Amino acid sequence: MAAPSAHQVPGRVVALHQVVCLLGRFPALAGADLVVDAGEVVHLEGPNGAGKSTLLRLCAGLVGVSSGRAEVLGCDLAADRRAVRRRVGFLGHASGLYDELSVADNVRFAARAARAPAGSDERALARLGLGGRLARLGVARLSAGQRRRAALAAVVARQPELWLLDEPHAGLDAAGRDLLDELVAEAAAAGATVLFASHELDRAAGVATRRVRVAGGRVAGSPGTGPAATVPSATVPAATVPDATVPAATVPAATVPDATVPAATVPDATVPAATVPAATTRPTPAAATPVGSTPGRVEERLRVP
Amino acid sequence: MSAPAPALPSPAPTRARRGPTPIRVLGLATVAALAATTWLALVASPADVNQRDAVRLLYLHVPTAWLAMYLSFAVTTLASALYLWPRTRSRFWDITAGASAEIGIVFIGLTLAIGSIWGRTTWGVWWTWDARLTSTAVLFVTYLGYLAVRRIPSDTEVRSRRAAVVALVAFVNVPLVHKSVEWWRGLHQPASILDERRLLDPQITGLMAATLLVAVVAFTLLYAWLLVHRFRLGWLEQRAEDEGLALALAERRAEASAADASPTPLGVGPEPSAS
Amino acid sequence: MFRDAVLVAAKDLRIEARSRVAASQVLPFGFLVLIVFAFALDADRTGLAGVAAGLFWVAVVFSAVLAVQRSFAVEAGGGGDALRLSGLDGGGIFLGKAAAIAVQLLALEAVLGLATVVLYGVDVRAAGVLLATGLLATTGIAAAGTVYGVLAMGHRVRDTLLPLLALPVLAPVVLAAARSTEAALGVTTAGGGPWLRLLAVFAAVYLAVGLVAFGPLLEEA
């Protein structure tokens, strides 16, 4: 059954349906489903090697889709993944900068390439504390943390519609991390969408509107944080499938494993059943809930693999 | 939860080894044609007035040249184009392109070697820088590059696409090389002894012409037979890879259950004992 | 697309201005090739002036391979994704990179040309033909080099693969450029006309190939 196309639902930024992504022979993503609407701040968490980085790279159009449907910002990634790149800002593990150029030159190149308005590179540099002497320094001479800031400045300067940040807090000092959280919040408030992967659950919870768990190359249902547990009634019609979902909503996090394990073994035939009701209930809460309100949507988006 | 290794579908072993009937017929026809060629070339056809028995190399040289320079690389180019064209994209073309190029390289090498031997026996030189030989040598190296690209350790899709592009660009390069070398050698009026046109196209009539024709047909059949078998090899390799993929997908998904079975607050990686 | 090309060319030339690799390594290499040829060909007996045109172009083409390798090596730093993430148009990137390489090559040729005149003792008769040869040949070399550079980019074997792929393709350019240069130097009486035409065709073909193929090839790197 076809996943709802991004064209049919305006405001849908990311729509992944059973996406398989091969890195060489290895299936980094083995059937991932994810739907993200505009203005959301989604936190991807999961064990090392789960596929979070690949998911982000997929949304940036950097890796190809082997099977499944993937649409980002209305662009079909299987058909042409280059089209989306101008509109996203990607912060990966590597800096994505030219070592021989200065910070200012790098940020300017990134901004101009994205056709960002003039002066956005200056503002971004100033915002990230890289003005003045630092801006003229070659990237190769910077410390790791400064390089992260520079890469972040490049993303900010592009003013992208979709922010893809892979462990953005890593390498930044405390001030830098706070700054990052501010930037993310500002971006979301301005209507951009942010997807980030992080192992810092506490810090991420403060800024994210939704938490999604990635494991084994797939996006699993996430139990969410504490407050999420208080929305059972909205959940029941959405995920009609296993009783496992109801306990997930009401049981404290510690017993989540029991709820998730049977969910993982539910045969694929039930997936459509779970998806259809979810689709009908989704648009309403999405429209009604402003950015920043955490609890409700976590449960509704519970999709059993 | 590790699945047992998937059993390969097994047709009757003899058939799998030697191929279906039409292929075997092709093989037999090839052997027959080659036998006929050998007899005609070595025994039945007359020796040339000037070159004596050395002219028999003609029957080897011309077919291999035809095969190498035209047929096999034309097939490679065509297959590469079909592979890149979205509507006809299929692994079939990619494997065909590679198989044909491999056979082509072998035959080009043979062409150059035989031509060289022939030159040595007839005119006393191993090599001359005339247009045809030079173009052939450049073609040889160009397609060596193509085969090198096919061997790059990389994702199969990526590698196939790159190789296809290289093949097409190589094809574009052929007329450029050919024209330039021709003009170049045109500037140097060939010495009459080494006038290759006179020697490569001696008066070929009657039995010699017939022998040549049989030789060309025989080698074409040989090419087809080699192509089919090399293709089958590539196809089976591809199938083995695909089945490995299904296994890998299953294992990857199993990581999820193992990880969910015991998540820690900081999301540590899957247990080593993940099934 | 041209905006993107200018952006990329400016970026590449700025990198070169900062790191000066082409000036400090590739140019001396070309110089060395000329000198080593003189050693190999026994400068006294052989008429170096007669073969100077050919040797010059061999030196240029070898140096060009290095220049192309360098151009794509800078992309590999920082994870290798900078160019792709920029979101620039593939054809634009191709033109930009080829233009930057061409500029560096032209500078190289100017210096090596002077060196050839001095070291090998040649006279320049038809400067116009020389200039045309230089421009056309450089365009072709830069275009073809950029196409193969992106093919080889990102692989561990790229340094050995690039010469293997590029040199058979550049062989006609060496041929035509050398003959044309000889005509300009008055070494042969034949005109440079047909050779210049061939160089123009080569350049046009590889520019077209690059515009079409570079974008998709960059994706695969």
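For reference, chains read A, B and C in written order, and residue numbers begin at 1 within each chain.
Criterion: a contact is a pair of C-beta atoms (placed from the backbone, for glycine too) under 8 Å apart; a residue touches a chain by one contact, two chains touch by 3 or more.
Owing to the predicted nature of the structure, the values given are computational and were not obtained by experimental measurement.
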{"item": "Any chain in contact with chain B as well as chain C", "value": "A"}
{"item": "Chain located farthest away, centre of chain B as origin (C-alpha)", "value": "A"}
{"item": "Centroid distance [mean C-alpha coordinates] between chain C and chain B, Å", "value": "31"}
{"item": "Rounded Å distance, chain A centre to chain C centre (Cα mean)", "value": "44"}
{"item": "Chain A and chain B, separation of their C-alpha mean positions in angstrom", "value": "47"}
{"item": "Multi-partner residues of chain B (at least 2 other chains)", "value": "154"}
{"item": "Chain A, residues touching no fewer than two other chains", "value": "64"}
{"item": "Sites on chain B touched by chain A in the complex", "value": "154-155, 157, 241, 244-245, 248-249, 252-263, 265-270"}
{"item": "Residues on chain B engaged by chain C in the complex (per definition of touch)", "value": "138, 141-142, 144-145, 148-149, 152, 154, 158, 161-162, 165-166, 169-170, 172-173, 176-177, 179-181, 183-184, 187"}
{"item": "Contact set on chain C toward chain A in their complex", "value": "4, 7, 11, 14-15, 18-19, 74, 77-82, 84-88, 90, 215, 219"}
{"item": "Chain B-facing residues of chain C, complex", "value": "147, 151, 155, 157, 161, 164-165, 167-169, 171-172, 175-176, 179, 188, 190, 194-195, 198, 201-202, 205, 209, 213, 216-217, 220"}
{"item": "Contact set on chain A toward chain B in their complex", "value": "20, 22-27, 30-31, 45-50, 64, 199, 201, 215-218, 220, 256-257, 260-261, 264-265, 305"}
